[in-house]
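Labels A, B, C, D, E and F are assigned to the chains in the order they are written; within every chain, residues are numbered from 1.
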Amino acid sequence: MSFLGRGSSGASGGVNQERMEMAVQELDMVTDVFNRIVNACHNKCISTRYAEGDLNKGESVCIDRCVSKFFEANKKVGERLQSVGANAGQQGGGGLGF
Amino acid sequence: MSFLGRGSSGASGGVNQERMEMAVQELDMVTDVFNRIVNACHNKCISTRYAEGDLNKGESVCIDRCVSKFFEANKKVGERLQSVGANAGQQGGGGLGF
Amino acid sequence: MSFLGRGSSGASGGVNQERMEMAVQELDMVTDVFNRIVNACHNKCISTRYAEGDLNKGESVCIDRCVSKFFEANKKVGERLQSVGANAGQQGGGGLGF
Amino acid sequence: MDFSQFNSAEQAQMTKVIEKKQMQDFLRMYSNLVERCFTSCCNDFTSKALSSKEEQCMINCADKFLKHSERVGARFAEQNAEAMGSPK
Amino acid sequence: MDFSQFNSAEQAQMTKVIEKKQMQDFLRMYSNLVERCFTSCCNDFTSKALSSKEEQCMINCADKFLKHSERVGARFAEQNAEAMGSPK
Amino acid sequence: MDFSQFNSAEQAQMTKVIEKKQMQDFLRMYSNLVERCFTSCCNDFTSKALSSKEEQCMINCADKFLKHSERVGARFAEQNAEAMGSPK
């Protein structure tokens, strides 16, 4: 999964709790992104008339392009965030400074 | 609560951690469903003019029917999910296969 | 943070786990409120044309007023909740009685 | 929910969990209510103070939301009781 | 995701975490689907029962949502595989 | 927030919790931003690549969202300081 560029330096034997936590966090984020794509592309591509239960041709093609476009858009934003503030991650995104 | 048909085979004495986790998960789900009904039926039944603080007759009746209908709709979808793929639960709903 | 009027009576030395939990809960709530303000005021103030990346004058002024107004609105609702049912907190907001 | 098959240690733990969740749910309901009512009631940003009209709208909206939640809660409990009664 | 650098204890723990998350994700998907389809399909509150038209709409909506999710999942996996392949 | 009455062990634990939350908040803000900007900027699905117009829109939207968040954060901190000052 490449939304983040985190490298994980390992331990050997036993459970490295920090590494587990990072993996769980990454898993949560991938799931979150997936759910957002499902939602965004459903809104963009699926007619809400529901006259039938199958995806028609137009919807199927739209979904493929939508997912692709979302990844590109995601990458663009990621690059932008990195260039705007290389340290935005530590600052919580310009939000609340506790 | 019957959104799930989970049976729980018990232990006797001490805290059965797995059973607790399932109960908490069920609790979370009931709360989630409740919040979605509150949201969906608010959108369907409550006028956003807010000329007064009481539910009028029409809104009250609408809420009762809305909750009832939501339960029926929920049941229909549940039956559908079971018939589409008896094992959809294990597959994460046709989503991400980690 | 004053959305809640919780007083915390302390312990000295070692980690008071209950106090930590309350602090984390408060932190979560502040973050939640902040995110809701970001969302609500974005919807109110920011044009979705995105012809430029800077906030224009009108948007900036709108944001300042919007945050201010949100705090006032939040306070009004808080007062109302307290007067409607001083013990609404224990009842889960008139919702699910488990 | 039916916790009758729980032993006393489990019931005690569950009670703590439920109490904690009720607090969290209340707080989430609160901020959700504020956001929803703010979105419906506040549309004039030529001033930073709530107008009396906006204020009345917020109060009506909050009152109505609470009554709505209560009513949904009552129906929800009935439906659940019914659903528990028949299949199991 | 690449868990190949995990030792066996870590992989075992991760498997449990993933299983638990899949259950939660499935449940969230389920209630999300119901809310979404209900919002699109049910607009007549002169009756408390689902009309046959509303029922058909719910079933079509659920079917379509599952197929949509599956298709997004397939594309998502491809894009991820691609993204993993090139930069690292 | 006021953690001044915490002892050093508690402050250390709180710092770890806050750091973890900030990471999570940043990631959620990121994916929320992408979804929001995508929804506003991308409406042409005759192609799978971002058009240059869509790309510019995404960048402007991201920039604007960050500036918006920062400004809200600044006002939020002021309001909070004020609210802390008077009642307590």
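Note that a contact is a pair of C-beta atoms (placed from the backbone, for glycine too) under 8 Å apart; a residue touches a chain by one contact, two chains touch by 3 or more.
Just so it is clear, the model here is predicted, and its values are computed rather than measured.
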Quick one: point me to the chain whose Cα centre is farthest from that of chain F. B
By mean C-alpha coordinates, which chain is most distant from chain D? A
Between chain E and chain C, distance of the C-alpha-averaged centres to the nearest whole Å: 30
So, what's the distance in Å between the C-alpha centres of chain E and chain D? 26
Measure off the straight-line distance from the CA centroid of chain B to the CA centroid of chain C, and report it in whole Å. 26
Residues touching two or more other chains, restricted to chain F: which are they? 1, 18, 25, 37, 41, 59, 62-63, 67, 69, 72-73, 76
What positions in chain C touch 2 or more of the other chains? 27-28, 30-31, 34, 38, 45, 64, 68, 95-96, 98
Given the complex, residues on chain B that touch chain E span 4, 21, 25, 28-29, 32-33, 36, 39-40, 43-45, 61-62, 64-66, 68-70, 72-74, 76-78, 80-81, 84, 88-98
Quick one: which bits of chain B touch chain D in the complex? Just the residue numbers, please. 1-2, 5, 8, 10, 12-16, 19-20, 23-24, 26-28, 30-31, 34, 37-38, 41-42, 45-46, 48, 50-55, 59-60, 63-64, 67-68, 71
Quick check: in the complex, which residue numbers of chain F touch chain A? 1, 18, 20, 22-35, 37-39, 41-43, 45-50, 54-55, 58-59, 62-63, 66-67, 69-70, 72-73, 76-77
The answer for chain F against chain C in the complex is residues 1, 3, 5-7, 9-10, 13-14, 17-18, 21, 25, 36-37, 40-41, 57, 59-65, 67-69, 71-73, 75-76, 79-80, 83-84, 87-88
